[in-house]
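Here the structure is laid out as structure tokens; the discussion comes afterwards.
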Amino acid sequence: MTVTSDPGFSRSEMMIVAAARALEGQHVCFVGVGLPNIAVNLAQRTVAPSLEMVYEAGVFGARPSRLPLSIGDPTIVTGSTAVVSMLELFGYYLQGGLIDVGFLGAAQIDRFGNINTTVIGDYEHPRTRLPGSGGACEIAINARQVFVIMRQSKRSFVESIDFRTSPGNLGGAEQAERIRREGGWLGRGPSIVVTDLGIYRFDDDGEMRLDSLHPGATLDGVRETIGWEIRVADSLAATPPPSAGELRLVREELDPGGVYTR
Amino acid sequence: MTVTSDPGFSRSEMMIVAAARALEGQHVCFVGVGLPNIAVNLAQRTVAPSLEMVYEAGVFGARPSRLPLSIGDPTIVTGSTAVVSMLELFGYYLQGGLIDVGFLGAAQIDRFGNINTTVIGDYEHPRTRLPGSGGACEIAINARQVFVIMRQSKRSFVESIDFRTSPGNLGGAEQAERIRREGGWLGRGPSIVVTDLGIYRFDDDGEMRLDSLHPGATLDGVRETIGWEIRVADSLAATPPPSAGELRLVREELDPGGVYTR
Amino acid sequence: MTAPKVASMRDAIADLVRDGDTVAIEGFTHLIGFSAGHEIIRQRRRDLTLARLTPDLVYDQMIAGGVASKLIFSWLGNPGVGGLGAIRRRIEGEIRDQPLALEEYSHFGMVGRYTAGAMNLPFFPLRSYFETDLPVANPLIRPVESPYSDERIYAVPPLKPDVAIVHAQRASAAGDTQVWGLLGCQKEVAFAADRVIVVVEELVEDEVVRSDPNRTIIPGLIVDAVVLEPWGAHPSYVQGAYDRDNRFYLDWDPITRDEDAIQAWLEEWVYGVADRAEYMAKLGAERMASLRPSAAAPSGSVDYGAYR
Amino acid sequence: MTAPKVASMRDAIADLVRDGDTVAIEGFTHLIGFSAGHEIIRQRRRDLTLARLTPDLVYDQMIAGGVASKLIFSWLGNPGVGGLGAIRRRIEGEIRDQPLALEEYSHFGMVGRYTAGAMNLPFFPLRSYFETDLPVANPLIRPVESPYSDERIYAVPPLKPDVAIVHAQRASAAGDTQVWGLLGCQKEVAFAADRVIVVVEELVEDEVVRSDPNRTIIPGLIVDAVVLEPWGAHPSYVQGAYDRDNRFYLDWDPITRDEDAIQAWLEEWVYGVADRAEYMAKLGAERMASLRPSAAAPSGSVDYGAYR
């Protein structure tokens, strides 16, 4: 594996395409703000044409004719199957157990897939104030499984997150499974993390494991951008590069302005 | 006060007209099934033209073009201000404190205005199984005040009700006020009872008092149909008889079939 | 986007309603699923727990038909007319070989139970029941402590029926369902239930639903069968389609007072017809015509706008 | 049937918003009441507690304008673009003379707070918050015991704002208000609030509302003022009327990063204009035209039927 000079696509494009592919076979997906938004919209146009997109703003079965500008946009309403109050969306759809995949972004993630989107530093006197939970904490608890999409760096893949906004595998699978079972959580927690360098899944003990390396990325590059000693799958795969069709959809239809892919 | 042979109206008509008049000055009224339905519809056409009728079926601001056949009827929907789920009707409108008057019927009532619409006899082995609460128990607790309309008899005006479906002044005003205050109840409880013989209000100690006698009714007749020694107001009034206009509305517009007035 | 789920009433009931199930046929005065109730009688289901705010004639008929051993409810009567004799005879002990257990709430309590079921909550809090005998009659109505004060209020437990049956004006073949007029707790009971049967006056293209997504109350996602059965709510009503058949409700009063009369009625109008189409043919075109609205009352159209 | 409540934005804010109030301008991405926020800045209200799921640009502007001392929220950002600098500088301590207290929830927690307020409940139960640091950061998020099992879930307390400001497509002069497209928690916040201001794109006759009562989200009963102010939600959007002005959101990013730039922006676009009409004239007809939907997308009409 060597770094090629110009693979013909950006790391962000590879990340979005890989995340979209992970949705193959999924039925109902809760779409988060930012990168999840473009990944899920790409999936609906490629591997998962019957994917039902749920937006926390109150939309089930969105059929946007352009990439929504945020998680609330008039294009996710027009032509959708159902528009409901947020009380019903969070109560009946999410907490009621109808969401197969919750798709989250993260500012910090730890080896067990616990997520911070609240603050960097101390909560009362933060170095950086981040957006906060939004719907993420309840998605992490109630969606049947959680996909994470984020760029990786030593600042984002950390030994210890500064604030636990959204629970993942807590301190490990044994503890997480017990707590999720005893608490009657519907969700099994995080199942995949897609970054600009690779694809991660979780070992039986709940710890993250590199499963696939994107074209151009190296194991050394991955290790340099993770704040703990990352596990690597015995049979480390190579992520197939984006197809011409996938790239065309991202560049021409979904993100012609390059907002997500710059 | 003597019984005239033919006053030109029935006792039921007098009861309905008296109940309607009691709504003068009221703004938002929760309409119950049966007699309250015709009384409130009459009030909106006479003393309270701006009365907002709320039906537990989920209607605010009904403008029925005929007398609704029950508490749910397509005529209360067409042309109304708002139609909402029953969760919202009971949660936001009633429990939220927006109802000025809850209008209830009763099978049994005691001297403190506590109401039974559940069973005659023992609950597990009833002599007569009645409809039950419906929305009555929550109306009695949450409506700002409660009006009762019912025919009186020894079986209905009783020393002790067989089942407390809807709380009134409990064991007396002192106890009722304390419990309503401590429990954060919005409602002050029953304020008027209109029967086929007279109009009752409540003394400061929470006990029912005959305030007005309908034309043709006598004090003896009242006492014969009440299971306790009824208090009588010092200045007992005579209920003015139904006007020609009121009778015309009841007979021609609201109840041409005589369902409520027979 | 879901696969079509259109089924006949016979198949929907045969596939989805099982002996011993908890079944909720909802619809508050509006959209009551009579035709589904009749098919359950015809298929001789037994030992059902029937849940419904207002048992109404439909449960009087079903209980006369012997399908149920328990009733969960909040108001028991023939609204505006009188009582429900088949049910009362079993409660009051006149018919002893078909006991009927009761679990009784208020309307808001029933709505709260379905809502807790739909939201996967262990309880629904409400301010009802204080100083009433209802929590004595039904020990499932329990106090709950607020974590913010010494205030105590009451709670009801979630109700998650095995099957919810919902009548509606229209749905797509995938089960995306729209209702206007009284909504009752059709949405809550559907989300609370394990299996959902939607019965509609009209089957419409997906695009009709998508042209007005705010009117959708139930997504096909949670629907197991869509049954096209116009007039399936008779003698109750469907806003804009037909009126409540009040004559039927009045006529029911003498029938329900007499167990023989009610059994004869079932023989004629339920066992004696194959399906709702035959029932309506028997009722006759004249009766149907008399129940049509006196005029149209269009909602008017609003613009969602296309955003490309 | 209520008396007309039509008022100018100036009068509505002057009459109904007081220093020290808790004010909720809701609208989830859709129908955000920017023009009301600007009028509050112009009238130099002080010491407000601002509640809103997504503070968005409107609260960034208001907090830069010095109106607030506390923020109750669940997601803080410029959605799809970046951060809210005026708010962050006050949280992160860069601007020390205008401290901003925070009270933080998740989206469902905020929705639950409004719902408990609307329903007059002492708490709203939900399954969020387990094993997160949110209950540590905010001790008002508390466990509550189920009376049906040893299950514990979390609760949030009711939020009853002094004033709720809701933007909508249309209302009658009496305040009966209709919305289509995203509903957010406009209904819940209005029922929870003590005073309600509705701002609409269009004032319609009572009969228009009554022709489609299922679309009414707020009855005039709880409305104190109706303000007719087309484009009052710009730069957010109104389904069917205008699109989100994404250029505005992008342009905000460099402005919000610089306290001087944001104050200059307020000088020009808030203090420098008398009202929304002047703001829109300044924005220009071309910009407005570019935000119109690309085509109509009519809902179609349904029939409620007349029943006489």
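Which chain is which? They are A, B, C and D, in the order written, and residues in each are numbered from 1.
Methods note: a residue touches a chain if its C-beta (ideal position, glycine included) is under 8 Å from a C-beta of that chain, and two chains touch if they have at least 3 such contacts.
Predicted model only: the values in this text are computed from it and were never measured.
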| item | value |
| --- | --- |
| Required steps from chain A to chain B (each step between touching chains, minimum) | 2 |
| Chain pair with the higher count of C-beta pairs in contact (B-C, B-D) | B-C |
| Approximate Å spacing (C-alpha centroids) for the pair chain A, chain C | 41 |
| Centroid spacing, where centroids are CA-atom means, of chain A and chain D in whole angstrom | 28 |
| Residues within chain C bordering two or more other chains | 115, 120-122, 126-127, 151, 180-181, 183, 187-188, 211, 214, 239-240, 243, 293, 297, 304-308 |
| Per-residue multi-chain contacts in chain B, two or more chains | 59, 73-74, 77-79, 83-84, 91, 95, 142, 184 |
| Interchain pairs in contact, sorted by label | A-C, A-D, B-C, B-D, C-D |
| Of all residues in chain B, those that touch chain D in their complex | 28, 49-52, 59-61, 63, 65-66, 73-75, 77-84, 88, 91-92, 95-98, 142, 184, 186 |
| List of chain C residues in touch with chain A within their complex | 1-2, 115, 118-122, 176, 187-188, 191, 209-211, 213-214, 216-217, 219-222, 304-308 |
| Contact footprint of chain D on chain A as seen in their complex | 33-34, 37, 56-59, 69-74, 77-79, 83-87, 90-91, 94-95, 118, 123, 125-138, 141-142, 163-167, 170, 179, 183-185, 259 |
| Contact set on chain C toward chain B in their complex | 28-30, 53-54, 73-77, 79-80, 87-88, 91-93, 104-108, 111-112, 115, 126-134, 136-137, 151, 180-185, 187-188, 237, 239-240, 243-244, 246, 249, 293, 297 |
| Chain D residues within the chain C interface of the complex | 120-123, 125-127, 142-149, 151, 153, 155, 157, 169, 180-181, 183, 208, 211-212, 214-215, 239-241, 243, 293-308 |
